[in-house]
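You will see chain A twice below: alongside chain B first, and alongside chain C after that.
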Partner chain A sequence: MTEALLELRGLTVDFATDDGVVHAVDGLDLALGRGRTLGLVGESGCGKSVTSLAIMGLLPPENSMVGGQVMFEGRDLLSLDAHLIRDLRGARLAMIFQEPMTSLNPAYTIGDQIIEAIQRHQGLDNAAARARAIEVLKLVRISVPEKRVDDYPHKLSGGMRQRAMIAMALACGPQLLIADEPTTALDVTIQAQILDLMRALRRDTGTAIILITHDLGVVAEMADDVAVMYAGQIVERAAVRDLFARPEHPYTVGLLGSIPRLDERRERLPSIEGRVPDMTRPPAGCRFAARCPFVEPECRAAPPQLIEVAPGHLSRCRRAPLSQVAA
Partner chain B sequence: MSGPLLEVQGLAKHFPVRQGAFGRLSGHVRAVDGVDFHLNAGETLAIVGESGCGKSTVGRLVLRLLEPTGGSVRFEGQDLLALPDSQMRAQRRRMQIIFQDPYASLNPRMTVGAMLSEPLMLHRLAPSDAARRTRVGELLELVGLRPEHARRYPHEFSGGQRQRLAIARALAVEPQLIVADEPVSALDVSIQAQVINLMRSLQARFGLAYVFISHDLAVVKHIADRIAVMYLGKIVETAATDELFRNPRHPYTRALLSAVPLPDPTVVRERALLEGDIPSAMNPPPGCRFHTRCRFARESCRVDAPLLADDGTGHSTACPWWPELPPAPSLVEDRADDQDRIRLARLQAAFVTSQMEAT
Partner chain C sequence: MTAAAVTPTVPTTDAREENPWARAWRRLKRRKGAMFGLVVVVLFVLVAILAPLISPYDPIATSFTQVRKPPSWAHWLGTDEVGRDVLARIIWGARASLSAGVVSVGIALGIGVPLGLLAGYAGGWIDAVLSRVVDAMLAIPFLILAIALAAFLGPSLTNAMIAIGVTATPVFIRLTRGQTLAAKVEDYVEAARAVGNPHWRIALRHVLPNIVPPLLVQASLAIAGAIIAEAALSFLGLGQQPPAPSWGSMLNSAQRFIAQAPWMAFWPGFAIFFAVLSFNLLGDGLRDALDPRHK
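Entry: the complex of A and B
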């Protein structure tokens, strides 16, 4: 196995709140190889977006504490000087967000914003940077890019804005792209266009992608590997086909069951009753125990470890492999 | 059977667009532009489409929360648009609405008990304080909450619980019709399933009719009896749910279905990607409104506006050319029940069982 592009070692993120310390991310270990796409899946509050912000060094230092290591191309980003991180961010690693309107500056043309990134990292002169900006807009299939480059964000539709965001992220040829719910705010026909675009770009540039989403359909289409998060921890990790065919954590089983599907119709959707635990006081044992139909008294006693239950397939459930449970 | 519960004909809403300092009228957004449908008692009609297609406006027009520009809305045979305000208020008891965002649609300063008592008092449905308290407790239990929750405020509840509260408030006046506008879109999937299940069981119990407005075809598949697909202010196709998924006819319906990502990494699908964005409803394209994005468009589509034509079985399509289009790729694959599927089905059954025990 070659060296991973990105490796998280025991990543923790705590937030100080009025109600106490929230352990948003709790001991995350994760490796991502070059050119791979990892789907990071979970529901609101599971810590998936916080993880990505921690990797990018974008968490507010006033109230958040980040621990562990974020190894990127052999260097720990958490112990790097701020100016070195700024050199990496936007150049070697880039991020796109759910709502492009809040991440684009409304006072500048999209061209200005892309050119700024190019000049900051690549030191091109004005004309060359502008040419490169038009080139990347063309790459994300924006029509008449030489005209659009001078448009302000509000002139663009939602789909076009997300393309412009992707153009900006890709302008400097990053090794790693973190896409946080990149299509959640878009209509489904526009989502299909953007996913298609991301697939083509990945093929052409070899950029590794962390795709953060709650949509298992998007994950099934895009990811090579999947990590499922629940209450700040990874509860399951596997190659995408294994995860969908033979999920080994009860939460994944329930999640797969509760999605309404186009290709099936069921009388009653299996749903996961109850709600996620209070992350200021996470339970001592398994965090999913209160909602798990397979729970045993031992599950509540000690926290389960993330262990390999089949080749390359990790589960944080002491009852896994679940084949015996299903028998 | 004495006719449909709700019958909508030629419904239209054109919003004026004003520009400049003097509010000069510069045009109209034709948000809803001639929509026909009906809904029987106890049935669910889903209205699906993408942002800006007019589906939410239809929901508000039906309840007269917005005044239509044209058309008629008949509820139990009575034309709602002809009713004076006082009679319309009385009719509102029979029809309720649930919104997408349960955080914005509940008054943060009212306890749950006060919120649920209000409609009971307004419509004089519970004669005494004691009767009201009992009824509030009943309503909370109906939606899977507890009577003692009446003392709490909305912020003490999660998103899914708030949507249950919104449903309880709608049920308080014993309506026959509920318009649900994206009721599960803001919820996490596991919570979404809880609310969909709840809505279905309440429907079976009280014979409710739903107009279920959604952008999510997969959700709609699990709750609707019939589906109407909207594009730029018009219905382009209506059919019974199973029929629509099995035999989508309109090119837009097909594109919509093929754009939904399936949660199955083994499926490789041929994609009919739509190019471009939805045109502005201020200047909808002439002829068929979909022709600018339709890969089957012909010359005549740019000129002639197609009618929504019923084929005699209740499947209507606003495309005269559909019989000549290539067959739509099948969505439902006949998958063999291999070991993995059996295993997964068994594991998932445990979630359904525990859910029954919980309610």
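Entry: the complex of A and C
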């Protein structure tokens, strides 16, 4: 990997709540090269969405504390002035959200909203911005874009709205696109179309993507690298092929076991028992210990470090590589 | 980019047709009460605007031969204690009442909406201070506060409007603040932040348009309240000053002759009732038409 586009160094996010401080993200190190796609995987509440909001600087300052460094194109976003970050947001780094049904302002046409993003960053006049809006709508394969540009969001289906959201995010040609569960709210056929679209856009525009999802199937199709998050930490990080071929963390093994497969008949899908630990008081040892089938007393004693078990393959399990563990 | 920039297509009318306001209007048209209210409101507004053209008499010209005459062909609604035509005074009085309603609610909106938006969007100590002031003002009964303010400012129609407007402001601050709090956590506001919009733009362009419907409903109901308040202040001598006509001051002078000349009290009372009822019907209809939960 050459110079990284985005590098997270020891990123932490704490939330002040009535029950105490929640350590939602706890010392995240991550690097993403230009034009690469990283899948950020984990179950609900593991901190993956919070990580993306922290990168974008969209966490509410009233009750959240972000620490560490977010290096983007050589600058630490966390130490930049608010107005400088706003200049980058939407221009150099953009985001698409999980809920296409509510992420577009119902008071404006989709064209208005795309044009707003374009004019915010590129200073085009109305006609040129409108032409560019139609162009990006065409790019996301919305049919008759010169007509759809004047439609209000309520007239569009969920898939169409997500396309419009992607168009809005891509309008200024960002270097980094963060997609937070972009297909979760869509039905399966539309999911496939949106993923196809994102793949094509990545190929054509060279935008790096952080794809946040709990769906390993999506990751397998889209990502170059995968980072698996559990309880605010990365527990495993590897190239997508290595991760699927040889998962080196029991949590990843569990996630892979929960994917239904056509070539195997099973009565029940295996699931990972238990729940994510209470993040106001994270356990002293391995955070997955309570749910881990391979757990040993030593696991609960001290927190495991992220270790390289094979070239480019990191795991936060003291028993890794797991191939030596008779399962 | 190069080719596309040359030919931006002109938006066709049918593509714009179903904007949120067109939809609300379609739904409002289906409601009989609201349409009745709207028609009466429009009639009152026309009467007020066209008063010089349609008034049969000068509203302040006295006639000692025509004192307290019951309704007749010459004076459809009768005359008052100094021989002035009641119909003419009702027509001219519509100006005072409607302008009091619109101007005072305009004042309340003009102060209340920006402050409410600020409180709801900024939060923190700004919100805390504004909300306590609002709580304090709302603790005082509406009319008592309006009377006190009007008495402080001195009796005149303008001062009555200011007093009513200021008194109605806290309701709008509170409503705007609450709606802003709800709207600012919407996904589309997050999305607007994600494209790098500054705060003022998010507040004015993304939050404000989405909270207009409840404000509009509240405004139409507040106009009804303001008309009553103006009538009450004029009745007490704190609003429109004699001899200029207003429905409230007409009621005031009528009370002394309620037995001998009941028409003097009936018509201004009827006008107030009708105007207030119409604005309330319109407000209720707007509430239903603009509520996204009603399909």
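The rule we apply is simple: the second predicted complex is superposed on the first by the 321 of 327 C-alpha atoms of A that agree within 3 Å, B and C clash if a C-alpha of one lies under 4 Å from a C-alpha of the other, contacts with A are read in each partner's own complex, and residues count from 1 in each chain.
Going forward, contacts are C-beta pairs under 8 Å (C-beta built on N, C-alpha and C of every residue); 3 or more make two chains touch, one makes a residue touch a chain.
Note that the coordinates shown come from a computational prediction; the quantities given were computed from them, not determined experimentally.
> Could you say whether A:159 touches chain B, chain C, both of them, or neither, answering first, second, both or neither?
It touches chain B, and chain C stays clear.
> Contacts for A:83 in the overlay, against chain B (first) and chain C (second): which applies, first, second, both or neither?
Touch status of A:83: second partner only.
> Between chain B and chain C, which makes contact with more of the residues in chain A?
Partner with more touched residues of chain A: B.
> Who does A:259 touch here: chain B (first), chain C (second), both, or neither?
In the superposition, A:259 touches chain B alone.
> Pick one for A:102: touches chain B only (first), chain C only (second), both, or neither.
In the superposed model, A:102 contacts chain C only, not chain B.
> Just chain B (first), just chain C (second), both, or neither: which does A:214 touch?
In the superposition, A:214 touches chain B alone.
> Share the list of chain A residues that count as touching for chain B in one structure and for chain C in the other.
none
> Of all residues in chain A, which touch chain B in the complex?
Of all residues in chain A, those touching chain B are 43-44, 157-160, 187-193, 195-196, 214-221, 223, 240-241, 244-247, 250, 253-266, 268-275, 293-294, 322-323, 325-327.
> Using the touch definition from the top, list the residues of chain B that touch chain A in their complex.
That would be residues 50-51, 158-160, 188-194, 196-197, 200, 215-219, 221-222, 242, 245, 255-267, 271, 273-274, 277-278, 331-333, 340, 343-344, 346-355, 358 of chain B.
> List the residues on chain C that touch chain A in their complex, please.
Interface residues on chain C, with respect to chain A: 1, 4-9, 11-12, 15-16, 18-20, 123-124, 186-188, 190-198, 205-206, 209-210.
> Which of the residues in chain A end up touching chain C in this complex?
Contact set of chain A toward chain C: 56, 58, 62, 83, 86-91, 94-95, 97, 99, 102-109, 116-117, 120-121, 127-128, 130-132, 134-135, 146-147, 150-152, 155, 165, 168-169.
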